[in-house]
Amino acid sequence: MVTQLLAIALAMWSLQSLAADSRDSLPGLLEAIKQARHSDGFEVRFAITAVDAQKLRTVPVKIAVIGQANADRQRFLVRGISPDAVRNQHFVAENSAAGPIDAFEYGPDSEGHRISLDPFARLFNTDFVMWDLFAVWWDWPHQIADGNGEVNGRSCLRVKSRPAVPMPVKEVVSCIDRETALALSTQVYDAQHRLRRTIRVEKLMRKGSSEGLMAKKLSILGEHGATSEIDVYGGDEQYRISPETFGVLDRFLGKAN
Amino acid sequence: MNVAATSAQHLPVDATPILDVRKVFLHFDEGRTRAVDGADLRIAEGEFVAIDGPSGSGKSSLLNLIGALDVPTSGEICFRGQPYSDLADMALFRGRHIGFVFQTFHLIPTLSAIENVMIPALGCSWSATEKRNKAASLLSEMGLAERLHSFPATLSGGERQRVAIARALINDPDLILADEPTGSLDSVNAQQVLELLIGSREARRITLVMVTHDRSVSSRADRVIHMRDGRNELPGVAV
Amino acid sequence: MNLLTLALGNLRRRPARSALTVSAIALGIAAVVALTTIAWGFEVSWQKANDARGTDLIVTRTGSENAMPSPFVGAAVLNQLAHYPHVQDVAGLLSEMLTIGDHSPPIFVFGWAYGSYLWDHLKLLQGRWPADRNEPVVVLGVLAAEMLHKGIGERIELEGQTLEIVGIFQSSALVENGAVLMTLDRAQSITDKPNKVNVLNVKMDKQASEADVSYVKEQVRKTLTGYVAITSGELVSRNAVVRIAKAMSQVTILIASLVGALVVFNTMLMSINERTREIGVLQALGWPRSRVMTMIICESTLLALVGGLIGIAVGVLIATGLEHTELMRGKIDAIYSAPFFAAVLGLSVLLGIGGGLFPARMAARLSPAQALRHE
């Protein structure tokens, strides 16, 4: 009887420990990161201000990003809001379970064309790169924990991600906050292992649903001393994806197929 | 002058002394410093007693004990038969019965002459007008009617000491303790101040105990108590 | 001549030291006044907005701690609320902080249900109201019009949509005067939140009592999972920004009090050290310990009181100045009230007493003979 009770207690303790330790192990943390990205639908609006090497600031570009992501598929729609030059420019892209990313560009009249989602292609003359939204590096086979780091006073775990086959991006180094499973910084290296951009979370805010934190301000340090400052000013964590939201994408894919 | 002969022989034998100092000791530093070392004397009502002695003989320390400014290590001091150790509030006692005149005057620099005189009367029940009038009257008595509102910095040494005397008299004390009151004054002012002190004492029948080095001052006293090594050389007069 | 004049004279003896002490206290009090005014002012302006509208209860999603509660589809909740006893009207609204054009600081943008009671308390100064629920027009609060330098007939760009200004209004609530107002449908369109609101405003009928309001709150808690009904004061006071601002103001009060008391303590200690012999003289002249203590505490309290008065004036100037900056204009309603100032002055007095108490006790405990011997 006593032995049985002890065994049950031990099993319960082990289960509890496993749950608590899951983010302490790298696979556990990676799984938590992927889970945190899942959403039935969200919209984020942010203002991006590009600052060149001479510290000259551009007029802020406002864009809306609508997304939907689960274990099988991710898709994102980027829409320019202002100024006039970017208004109603759309970029839409989708990938299925670590497959290639299909991307398209179209204007207000929904007419457009396929584009290649270049990991170094800047949108709207800022350092914002659409490829980053997919965070494909979390599905790469080579993931190495590389010690602890710190971003703006928050400690994080450095993780190096490398693809299975040579590609334009040789490595992505992230610093992950264990508590929130958020990447506080992300560094993208090209095939020659040159650092092409660093994305840092400068300020966090609580989600409206109070289920954790999200980025409120980010900075992207690009090449040649240029940076982009991103300020998240609005959005909807429970955006209703309607048939029209990704209708153009579906149409393009239907055409492509 | 024979010290013994200057005792207050005119007082009745059974009169209670105003002050009865009984084998009083005042030691500091765990007995290493013996400021008063067995002083024993009596002072009659209305007497003018001078205390002299070499420097460090305990004159001022004895005066402090008599003025209830310090507490003796042992021994007892009685005022009209009441031991100091029985007093609940020494400050109240001082305010009611004792007036002090110090060598360096100790006037409050931010107060005028009349305000300095009023300081001891601050807690009294008289009205502000009564206090002011009395202070003005005392200052007039001291010859300072024109300097009521002057500040100490604008007064001479002699004038400041006169303000101090007026201050000592405001509460109609029974006893005035003066510690070298003429010590910081020139001879002319010293004479004036001495006359004022003695005159006030006689007019009000106040007991005056004065520490002094000056023979010309001590010669005016009814009796001189000579201090050496913390005690008075001759026994106190039995009254 | 009394203790007060004596205390004043003693402070005047060292004008530089007294001035420095007063300045230190004034700075601390100014920080307290400015921060508290802003923290509470933000809350008050929101409270006033809801009171002005006639809203008795606000229904939002639970856990909404950000500046704007998170949006939700209003229809189902609205229908349920409308059937509770004594509920006269339910109106949805969407509120956002958006920049207008390229360079303006963020401004409040409200979308109110067209034809709802929310509009009733506003006073139209110029122009007209939106003609229908979908008209792509806005009306500006009088302060917003000033800040944006815009008038009737001009256009503004909001989230990529161009909207014509058709009216300018005035409200008794500062936060509304500094806002851009449009219909709910238009707001939902520009923010891409179809059918969504972030707040449902509940107006109770005239017969409703406190108990009826509590009943509705309880019913929402029981039957509408994920939603909460609170008064506007409760909503604002839960808001993370307001809580942080209030916490900061409380920490400032604590730090300013400690620093103020320490400064007074230090000043009085120095002063007593210099006046040791004088204190001995006062005791020799018959001053009891209590009177010596009272004099010292009088001095310290005077210092703190003067510092407090100056600090209040400076704090009001700072808060008023901040109220008029571009960033804060129309968002805070600085609260100045006699009880508030009395409380701040009370704090100053406490600082004075607290800072002077120990030095006063030290002074009173001096043996007169020792004090007189002091160099």
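Couple of notes before you dig in:
In order of appearance the chains are A, B and C, and numbering begins at 1 in each one.
To be clear about the criterion, a residue touches a chain if its C-beta (ideal position, glycine included) is under 8 Å from a C-beta of that chain, and two chains touch if they have at least 3 such contacts.
Given the structure is predicted, the values throughout are model-derived calculations rather than measurements.
The central chain here, found by comparing per-chain C-alpha centres with the mean of all protein C-alpha atoms, is C.
Averaging Cα atoms per chain gives one point for each, and the point farthest from that of subunit A is the centre of B.
Taking each chain's centre as the mean of its C-alpha atoms, subunit A lies 38 Å from subunit C.
Distance from the subunit B centre to the subunit C centre is 63 Å, each centre being the mean of its Cα atoms. Averaged C-alpha coordinates put the centre of subunit A at 92 Å from the centre of subunit B. None of the residues of subunit B touches two or more other chains. In the complex of the two chains, the subunit A residues touching subunit C come out as 43, 45, 47, 59-60, 62, 64, 80-83, 87-88, 205-211, 233-234, 236-240. Listing the residues of subunit B that touch subunit C in their complex gives 61, 64, 67, 69-71, 89, 91-92, 94-96, 98, 100, 102, 106, 108-111, 115, 118-120, 122-123, 128, 167, 171. For subunit C in complex with subunit A, the touching residues are 61-66, 68-72, 96-99, 102-103, 106, 157, 159-160, 191-194, 196, 240.
Of all the residues in subunit C, the ones that touch subunit B in their complex are 1-3, 6, 9-10, 12-13, 277-278, 280-289, 291, 367-369, 372.
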